[in-house]
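Working notes for the structure below.
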Amino acid sequence: MPKIVTFGEILLRLSTPGFQKIAQAESFDCTFGGTEMNVGAALVNFGFDVTHVGVFPDNHIGKKAKAFIRKLGISDKNIHLKGQRMGLFFLETGAVSRASQIVYDRADSAFVNLDPSWFDWEEILKDADWFHWCGITPAVGEKPAIALLEALKVAKKLGVKVSSDIYYRSNLWNYGKTPQEILPELASYSNVILASRKNIEEIFGIISTEEKGKFQDTAKKLMAQYESIEKIIDTERIQISASHNRMNARMWNGQEYLKTGNLDITHIVDRVGTGDAFLGGFIYGQLTYKDDLKSLEFGNASSALKHTIPGDQNLVDIAEVENLMLGDGSGKLKR
Amino acid sequence: MPKIVTFGEILLRLSTPGFQKIAQAESFDCTFGGTEMNVGAALVNFGFDVTHVGVFPDNHIGKKAKAFIRKLGISDKNIHLKGQRMGLFFLETGAVSRASQIVYDRADSAFVNLDPSWFDWEEILKDADWFHWCGITPAVGEKPAIALLEALKVAKKLGVKVSSDIYYRSNLWNYGKTPQEILPELASYSNVILASRKNIEEIFGIISTEEKGKFQDTAKKLMAQYESIEKIIDTERIQISASHNRMNARMWNGQEYLKTGNLDITHIVDRVGTGDAFLGGFIYGQLTYKDDLKSLEFGNASSALKHTIPGDQNLVDIAEVENLMLGDGSGKLKR
Amino acid sequence: MPKIVTFGEILLRLSTPGFQKIAQAESFDCTFGGTEMNVGAALVNFGFDVTHVGVFPDNHIGKKAKAFIRKLGISDKNIHLKGQRMGLFFLETGAVSRASQIVYDRADSAFVNLDPSWFDWEEILKDADWFHWCGITPAVGEKPAIALLEALKVAKKLGVKVSSDIYYRSNLWNYGKTPQEILPELASYSNVILASRKNIEEIFGIISTEEKGKFQDTAKKLMAQYESIEKIIDTERIQISASHNRMNARMWNGQEYLKTGNLDITHIVDRVGTGDAFLGGFIYGQLTYKDDLKSLEFGNASSALKHTIPGDQNLVDIAEVENLMLGDGSGKLKR
Amino acid sequence: MPKIVTFGEILLRLSTPGFQKIAQAESFDCTFGGTEMNVGAALVNFGFDVTHVGVFPDNHIGKKAKAFIRKLGISDKNIHLKGQRMGLFFLETGAVSRASQIVYDRADSAFVNLDPSWFDWEEILKDADWFHWCGITPAVGEKPAIALLEALKVAKKLGVKVSSDIYYRSNLWNYGKTPQEILPELASYSNVILASRKNIEEIFGIISTEEKGKFQDTAKKLMAQYESIEKIIDTERIQISASHNRMNARMWNGQEYLKTGNLDITHIVDRVGTGDAFLGGFIYGQLTYKDDLKSLEFGNASSALKHTIPGDQNLVDIAEVENLMLGDGSGKLKR
Amino acid sequence: MPKIVTFGEILLRLSTPGFQKIAQAESFDCTFGGTEMNVGAALVNFGFDVTHVGVFPDNHIGKKAKAFIRKLGISDKNIHLKGQRMGLFFLETGAVSRASQIVYDRADSAFVNLDPSWFDWEEILKDADWFHWCGITPAVGEKPAIALLEALKVAKKLGVKVSSDIYYRSNLWNYGKTPQEILPELASYSNVILASRKNIEEIFGIISTEEKGKFQDTAKKLMAQYESIEKIIDTERIQISASHNRMNARMWNGQEYLKTGNLDITHIVDRVGTGDAFLGGFIYGQLTYKDDLKSLEFGNASSALKHTIPGDQNLVDIAEVENLMLGDGSGKLKR
Amino acid sequence: MPKIVTFGEILLRLSTPGFQKIAQAESFDCTFGGTEMNVGAALVNFGFDVTHVGVFPDNHIGKKAKAFIRKLGISDKNIHLKGQRMGLFFLETGAVSRASQIVYDRADSAFVNLDPSWFDWEEILKDADWFHWCGITPAVGEKPAIALLEALKVAKKLGVKVSSDIYYRSNLWNYGKTPQEILPELASYSNVILASRKNIEEIFGIISTEEKGKFQDTAKKLMAQYESIEKIIDTERIQISASHNRMNARMWNGQEYLKTGNLDITHIVDRVGTGDAFLGGFIYGQLTYKDDLKSLEFGNASSALKHTIPGDQNLVDIAEVENLMLGDGSGKLKR
């Protein structure tokens, strides 16, 4: 059973029931989410052994978060219960042409205030097969950025594969550094990178000069600069409405440009965490099939299925994903 | 901030959760609705100052209704707590080819039994920019009809713009008068009228003799008879199913025939009050853009968005409406 | 008012709220289902007099099931409260490409352990117009199979019409008999049979040799063997996804091949019991219209509407079905 | 199995969840209540055969009420689905020193507007052992009063025992008659009367001249006037708070004054319908034990247990009542 | 109608349903609380005109809080929608010997970061009869402390009565000042002070030298130092358990020592905000009865009743309080 | 951190919300319970390392149970996912004099059908400090009994302390053996035994001949027969009602008779699992305090607190228990 390590912040998610506006809610459904942990959760359901590394406040909410990841099947032995508060967000689920909205309240969380010395990465990563991180971690604070860099150096030393989700939202970067200063070094320790052409342009300053195939072009140029990077992947979401999206995924793996077909999700239940479900599926594919296109397809099917599940995590198993991946989207009742 | 006054009955709405039939419900979700108040609620969310004039029973249900409109942001200072009972209705929400059903229990309500002398319209309408009424009010009882006529005379005197929703359902008229006796005089005090061609034919006896453009034709003839009427508007609902509707709106403004494009609502959450959301949006447009087509488009987008919100009122803000009005129905997550 | 008798097992249904996976549920919605009883429930809503014959355990769950069928309007006077346990199943409702899943826990139920001598079929079926059974009953145990055969013999003697749903799932047959040993004799007492071509091949060993019209061909051959069988019907479900199905129905009645048009159910709420809703509608048609195509169409519309109702039973009335059957799938609000 | 007939109005009950004030409720729990039907419901759970005679509106709410009484196990064959509306009430459940509050909305209901000719009392009461009525029925309208008198005359003719709950609330009598004009004649057809000394004084004008034993004294005098009356019973509720009541019951049976001990209900869940639970238990006792004190005690225990059950009806069985009646109030877990 | 102004922070309250531990909750019930606003809410229900002065973040949560106070009937015209976050707390409701627990997450809220120049106290307090503040406000930040002092100076100038709840929790004072530096000056502008003997000792350094009557002794000494203070009040909570408390209140008014009897709350529903309910009731008494003992008794009864209502605010009306105050704690059903 | 191993069956618990009768429930709250696992859950909350050994069916319900114990913080690494069904029970929560009722449906579960060879007790118990079992395990089937005996032999060999809850319910023993044949040998491997005098009499045939101190007398005699037994403990539940119990605990430890004071639980929320909460607390005490009376008192306080928590497990921490154990049952709010 492959061993996966993820590192990142986890937030308390408070969402309105049904399609209520926040203005209407008399209660909030409560769960937890965090992009790296979500990736791990998908992998647990595909049978992998997953450990999440993080920091939760030392109070009832932090303990609740620990119990939550255990329930998912993720090991909590590298969770530190220290600090004052858990970041959180309020989610209002949209429909059709009304967008979902998120109100964040995540400043000054226990994770942001972590001490990098708490993590013994040699111990954490020994025997690990894969380490996954996301661009949010170095965005929210200098200390998380330092801890992440240390983790990446150890991963490289130990030969652990590294995947990175180059998620970039400018309003997260408030501690004095820019993503351009920080992300390139972190990326240089990664083997697989999820990044759109726009991310590559903005963060790495690489501009495509091609008319067509801009993604491949920027991917090639990025891989030319960073020898560790073996594969660059991206997903495309065609948003017909808040209730109907269409998803595909693509990759430049140094030799080939690969692209999946589209999957339609015509009646979305909850789209939060669907990108993480893609990555979870993709990593499963990389460690199982050793076939890049199948990996993308497994990831894309995993992502599509996540849209039908409430909460941030994908909870489907391999059979459910493979069924869709092999073309059966009929949703036939399983007795 | 423009000041809006609305006048009309408010009913307690008791709806089944989920898609339960009334036969199945073990509880009813509880809210309040009233077409004129719903128009006002939409306008509050667009930043206007709204007062609703009405009568609720002097009991816990009446007080609950007062608190409800305050929560919406509507002033309750012209609500009279007098009388015995609140009209109510039970709502069973349909889906696909199963229609929603409403069971009314509204006879002999506090509103129907109002005393027109309770309302000091000079005081209520002073400083008002707009007064809105609906054809239900003069239908449910002679006293509401009298009070409404008094309001309209004062509005005219004070130069307050008047809009009217010529809503006509024959089974509401049970007190001995016909809509043909009552509605024309009331319409003669109105500046903007929401009425279908069929309404114009039935109530005003105006029949189009054109092959095409019948709406414009009846509108022109109606405006020829009532000099106060400046604009006649109408909405069209194409019902693919109870879960999927398509909406547009049109107007004859004395010079031009204007019509919006269609908006598809493919996954309806709650269609009650969507006509009121149109009117709220249209009035916003009239007082903001001074552009008739933009007013219709803002109204149509407002109506489309309402279909995604549980309850009778539209709770979206200007940004959400403008986003859709400018063509973005993608429902992209707002962080 | 025609009198209908149904016989079969009823299971406790525990379903996850919303679209939760079983892994997520903190509570289960609770109802009861049973294919023959579901057929009866539809018929009660169409105004028929229905009695269900069955066995529930003599405990609070069995009594709850009795109250449930009474609430539906089905007579419980032929329910025996004897035995230890009620069979049950857990239902996880899927969406889009994620299939619904059922976890059964029905072994060794009170029904399976019934004593055929408990049922006085002469008394039960006197005055009855129609008796309905399903292939699950002889599958779950030898005693139910014996009781069913006795019922069928009495029905024949008394001239009660018999319909049969040749439902065949191999994993239900665990008591040592095969469906091929048991079902043909039971079918020989039936007048109307719901069976797919595949059922006819597998159970009766009748293979079509035609290129086209295989259903009619097998139907004809089956009717040639069993003189009691007057009509063979079948439904077709085209599964676009778990949220979107398309339904039609067809029949060979000895003279003609009849087929309905397709009905689209674009936003499925609950598809469990939709086949039973078809049969309930079809039987209504047979006893009301005396027109086979209209019977199929009423059944198909009944089935389509069931997809919009939570729970196992169809609760729509004749007006709702006829409205759809006559082509109005617009779901217009009924006030 | 003794056969019981009850006659009276049923109201839709809409209660706030938890201990919410009506002002707070976003939903109302929905059930039905009616004092005579509640008496019948208790008797069903004690194994009797119960028919309720009533009138519900011919709409979804009326049909829901029919299904409700069937679920309870009461026959609905004498329910007429005619008229416009179901009377209803809103219930706010109090605690400790905060009283529960009821807001009634019951005027002009289908029951009030019944036509006495709808009821064929000879048919309804044939084979009946007991008929129960309450003073609310003749209070709410002249037509119900007429129908009730007809029923009582037939009951007398057929030798059916009659019990009456002389419930008197002055604000219910709004149709021009006083209880003093109506109730004495009705009481004269009754064999068992539940009435407090105060009821006897107010309605029958019988004043006790004794220092002590006033209840017995007024009871004796009343029985002297009406030869049909065999037993006068009364319950006493000592209200320590809304959460803690103490109950006992007493009787003058012509020979003896009998009184039960007190039962404490220290943690009340729902006290609505507890008087009806007493009467149901008492009638069970009369028809089972033929012992007046045991009847009172069974009734008192039945009433005490009802306080622990949400809704208007008592749902406990004989074993639960006898257990408490025999002195075991320990609430030991039954496995 | 007396006019009341309150000033202070409002927090989002997220409480577990039922008696769940935070570890168990899958959803949180959502309401808002704030000690000064809670006092105002009680007064609204007693018929007063209440304005709350505060600062909420300019997001959906801040707007929801505004709607919440409007629903309560409190004016929101002096609420500033500015800043980033709303302070919040998680509440786990205890029972019997298990204490309720609160997890605060209130640092760095919009209120703490207010700008004192936003408030035009001359305008806010003109026509006001009473101003209420609490010791939490100057504890949470220097800016709130400054704004409060300005308000108090204006209140004094305009002759507005001032009441103060000297609430002191050391862990709230984190901005460098001590309560001993700040509270005495603020108290010197107040006419009525709610403070325990312990508060008086800790904050004002006044120690009683009496054996008995220590409260009166410290109260006298405090009033000797601050001429504005006319009355010192205190409440006593005898905690039999988390489910059963006993409450009384007392006062030194310069002349007399007054004390109410005890009120038992034997089945507590929600004790949060019960001290505020006391103060609301007390202020009502002061402005209505002009009788100190009656004021205390009205306050004590108001507090007792609040224990039976979910949420932070008292929602009972005058009749409910007077009923208990006059000795009727029987909780008799009101029809 | 002491290491605890528990072994036993886990059942799915389906309980009615509120105080509903099973007849009323439209949904069941869902959790899991098992006496040995419940003991472990309490110990996790006291900071111990707990592993549960068990067998769940290989389906979604079995996986849900695994996730459940992980969420509690119990290791699931010795859970076998094999077999067909999970035993379950329906719980109806009583109040006051109405007893709670349990309907079991546990026959033929995956646990009952376990294969003793699945468990490598040497591996499971190495490094363990304590092993706990209950008399239900050998009652439900011969295979569990064999597996348990093997575990006990290994525990003895490895010097692991063993506690046993001699729970005896005759209707559980259905596989041909009697408790008298099986339990004595199992008890002979135990160091601490929870058993009432009645258990000792029935199972071990030891009858006290003393007038007073019968518990001590039978305990002494039992310990004389089984040299491994060091301590015999018992709890006493005085049932004032289903809502109010009083608990104490006692012990004979070979030298002394020790007994705690009574703890009153006046408003019971959920009494299922309170005996397990006692044992969890007692084992904590034994491994922490090395003081028998303190162990009993910690256990008794743990049990008392469990009565206030919904579900089968105790979730309080050490501070909450010690607070009560030291005499503070006031339930003061913790901020």
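What to note about this one:
By written order: A, B, C, D, E and F. Residues from 1 in each chain.
We take it that a residue touches a chain if its C-beta (ideal position, glycine included) is under 8 Å from a C-beta of that chain, and two chains touch if they have at least 3 such contacts.
What you see is a predicted model; the values in this text were computed from it and never measured.
Traced through touching neighbours, the fewest hops from chain A to chain F number 1. Chains that touch both chain A and chain E are the following: B, F. For chain E, the chain whose average C-alpha position is most distant is C. C-beta contact counts were set side by side for E-F and C-F; E-F has more.
In this entry, chain D maps onto chain E through a rotation of 120 degrees when their C-alpha atoms are superposed, rounded to the nearest 5. In terms of their C-alpha centroids, the spacing between chain B and chain E amounts to 42 Å.
Centre-to-centre spacing of chain B and chain D amounts to 45 Å, using the average Cα coordinate of each chain.
Residue positions 21, 23, 26, 67, 101, 267 of chain A are each in touch with at least two other chains. Shown here, the protein chains touch in an arrangement that is not a line, ring, star or fully connected set. Touching pairs of chains, sorted by label, consist of A-B, A-C, A-E, A-F, B-C, B-D, B-E, C-D, C-F, D-E, D-F, E-F.
Interface of chain A with chain F (complex): residues 67-68, 70-73. On the side of chain A, the complex with chain C involves touching residues 263-269, 301, 304-305, 307-311, 315-316, 320, 323-324, 328-335.
Put simply, chain F touches chain C in their complex at residues 14, 17, 21-23, 25-31, 59-61, 63-64, 67, 84-86, 88, 90, 92, 101, 103, 105, 107-108. Across the complex, chain A meets chain B through its residues 18-21, 23-24, 94-102, 104, 169, 239-244, 267, 271-272.
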